[in-house]
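Note that chain A is present in both complexes that follow, paired respectively with chain B and with chain C.
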Partner chain A sequence: MTTTQQTAVERCISGVLVTEFKVDPDTVTADATFSSLKFDSLVLIELTLVLEKELEIAIPDGGLTDDMTIGQAAAFLTDLGAAL
Partner chain B sequence: MATRPAAFGAAITGIGLLTPAGIGLDANWKQLSSGVTCAATDEALRGAPVDFSCRVPGFDADGLLGGFEARQLARFVQLAVVAARQALADAGLDPARWDGGRAGVVLGNSLGGLSAVEAQTEVLRTSGARRVSPLTIPMAMVNMAAGYVAIDVGATGPSLVTATACASGATAIGLGRELLRSGACDVVLAGGTESALTPLALAGLGRMGALSGRGGEPGAASRPFDAARDGFVAAEGAAVLVLERAEDAAARGGRVHAVIRGYGAATDAHHATAPDPQGRGIERALRTALADAGLGASAVDHVNAHGTSTPMGDVIEAQVLRRVLGARPAVTSTKGVTGHALAASGAMEAAFTALALAHRSVPPTANLTELDPRVELDVVAGAPRSAPLDVGVSTSLGFGGHNAALVLTAG
Partner chain C sequence: MSRAAVVAGLGAWTPPTLVTNDDLAARLDTDDEWIRTRTGIRQRHVVGPGQATSDLAVEAGRRALASAGVERAGLLVVATSTPDQPLPATAPQVADRLGLGTVPAFDVSAVCTGFVYALATAAGLIATGVADTALVIGADAFSTILDPADRATRVLFGDGAGAVLLRAGSPDEPGALDGVHLGSDGSQHRLIERPGGGSRTGAALAAAAGGQLNGQLLAAGDADGHAAAHDGYLTMQGRAVFAQAVQRTAETVRATAERLRWPLEAIDRLVLHQANARISAAVGQRLGTPADRLVSNIDRVGNTAAASIPLVLADAAAAGDLRPGHRVVLAGFGGGLTWGSVGLVWPRLRGGPIPAAGPSDSPTL
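== the complex of A and B ==
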């Protein structure tokens, strides 16, 4: 079940992808995987660093993977205690 | 002495240019012909001892490359990729239709992604190692210029980056021609790129005494061969040439801007940054290039000199040019307009030499109002000079004592 908090985290991720990583907003959906958005392992680390700041959490290295969807990432980060 | 094969011609069938003089061939030629310098106060250098430079105007990396890709590339790579695309379009070559295994990339670069290094050094200092971007090294590495251009255009033949400081672009073109001559490639993207206009780079160059100190009048700062010159103006830019064997270009029916007919390289083995006082390295490079081209010195109509606007370098080079070529060639230094784009400069100036031959016009040396009396050359100043031009030479010298000369003939 999607919680309000998870929805907010998903919005945060989507916002970062568009504003910080210049991803085409039309391609940013809950079902989009990072690999479909051309994120490789290096860019995923960059994303991790940005989201750690935005969400005020520590994300373990390798926590975000390229086969993860934005929705799955939001759930994962919510479980880690993402604060919004 | 080994017998020399007949002069080998590498046709320049495409040119991509992103320089302080503009983006594209027309913009560059118009600005060069105007003889108006591009040097201006640089907001990114505000507060630095030298706060002016020559930047590529209006370069929209996000628009040209897509924001997602552009943010992963250092600016010197962005410039190279766009220049390579321009050059291929100019040549009428479609990378989707070529045999990528027969295509090579040779680009010159010197300082790599210095701005990324500076920024991430600050991150390391203030926030610790874990916050350092994993793109730091890919953005810093000089070879990424050739590596990423190869990715972008699908060139899977040989690729490399030459690092002979301010001769890098000319070295790249010379080696690119060798890849055609050896048969290793059928098409080579050859050129140079540089973008390192950072406070650290400018501080370092300034402390070397290499830069002009005319902070109050940047428009007058780059003045090659002028008696009042006091150093160069740092610049950025990229130039990429599409090279093909002359016979292949003719068979394809493509336009030929000019032909790279000779290349020579030599090293001073004298000092890390000071040129040989007699210019022996650049003299040997020039004589080698003429021999490679199978041409005598009297055949040379035009020289695009390295001429950076430094007090010592310009005189040494001028004396070599006079000694080898005499006083007849029409000489210019386009660095008066563009400033000194370091590793890109040799490639930019090879392109400018090709354009001069094609237009049969020598662009003037900006800000040259009083020729240094030790420069006993016919240096074009004030306005472009129209003349029948068949043979042109471009010279390049770099820190480390690297020297390169290219001989071009009209297409």
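== the complex of A and C ==
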């Protein structure tokens, strides 16, 4: 079930991807996996660090994975207590 | 405290042999684009045959003395984790070769945080009156401890040395070191390590030799002996190191800024250990520091471990990017894990900074 909170977290992730990581906004959808965005190996670590700051949570190492969709990542971070 | 350690000289040196990304691509499964986008590095300097860390340290030390306009220092600290040999320390030899005579001289081992730890140690000895001047050298030759087949470490590391001359002064003058913050986390010691060459592998080899003498434990001894050969190489768990480096470096910069009562936005130049351009960018992002306040030379020298902070300081000061009056925070992170930072208002140096490259890079020095 998608909550309002999760939608807000998803918007935050999408915003970070477009502004900080210069991802084409058209490719950033809830169903897109991180691997489909053609990141190199460091970007998921950098994304994790940026989202920790933006969402004021601690994300465990390896928490975000290549095969996750943006929607799944939003659900995962919402469960961790993402504050928006 | 009425007495502080004040930066009075700055010099750096890199060995002449250059290794470009294309040179590495010819031998390893990598290419220039891959290395540049992941690390920001284009080239690195490496020691030649027969050259050791002390040779780098002597050159940098001589330049820092010249930059301060002095010939002697009352104390020598060498930050290194690639000493000439495991025992004795490298610093006494360096002191002798610099003509410093029988001054106190010792090594500080904190991997890539070594220079910050060494500055803090020397500053403490000056503040307590043990010494009136101190030469602090960061010198490393990581090219000598890399697995030739390991792409992950070979693209990153380069060799070099940088040094600062400290003198006793007052806490409120430009150049005075202040706001020191240091930390460590030994539970993460395996993230960056070179396991061989110490008492643990020494004990294993002794047990293996004993086993051979007694005709027992031969199989285990062989296994240990084989492992020991590879234990001489540096290993790094890149992903975990990246995350820890960003978190710990940002924390230590904040701690130093708080001790100095400087708001983060009052820091004019942030001088981070040059580990990887993307780590520095992520630290800047986390602290809200604009990119033009982060000094960098990693494209030209790679990660030079304990040498990186004085090397980048010398380059930035010589280029005019770092100027007298700037509020500066130096911050390191490295194996141990260790981290640390210190602040100062950048001073005017009598002989100017003497960077590694440029016209002063003459064999007569």
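The rule we apply is simple: the second predicted complex is superposed on the first by the 82 of 84 C-alpha atoms of A that agree within 3 Å, B and C clash if a C-alpha of one lies under 4 Å from a C-alpha of the other, contacts with A are read in each partner's own complex, and residues count from 1 in each chain.
Simple rule for what comes next: a contact is a pair of C-beta atoms (placed from the backbone, for glycine too) under 8 Å apart; a residue touches a chain by one contact, two chains touch by 3 or more.
This one's a predicted model, so the numbers in the text were calculated from it and none came from an experiment.
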Based on the superposed arrangement, let me know which partner A:46 touches: chain B (first), chain C (second), both, or neither?
both
Which partner does A:38 contact after superposing on A: first (chain B), second (chain C), both, neither?
first
Under the stated touch criterion, which partner chain does A:67 make contact with: chain B (first), chain C (second), both, or neither?
neither
Residues on chain A in contact with chain B in one complex and with chain C in the other?
41-42, 45-46, 49
Inside the complex, what are the residues of chain A that reach chain B?
21-24, 37-38, 41-43, 45-46, 49
The residues of chain C that touch chain A in their complex are 37-38, 239-240, 242-243, 246-247, 278, 282, 285-286
Give every residue of chain B touching chain A within the complex, in rising order.
62, 66-68, 70-72, 130-131, 133-135, 138
Which residues, counting only chain A, touch chain C once they are in their complex?
20, 40-42, 45-46, 48-50, 53, 61-62
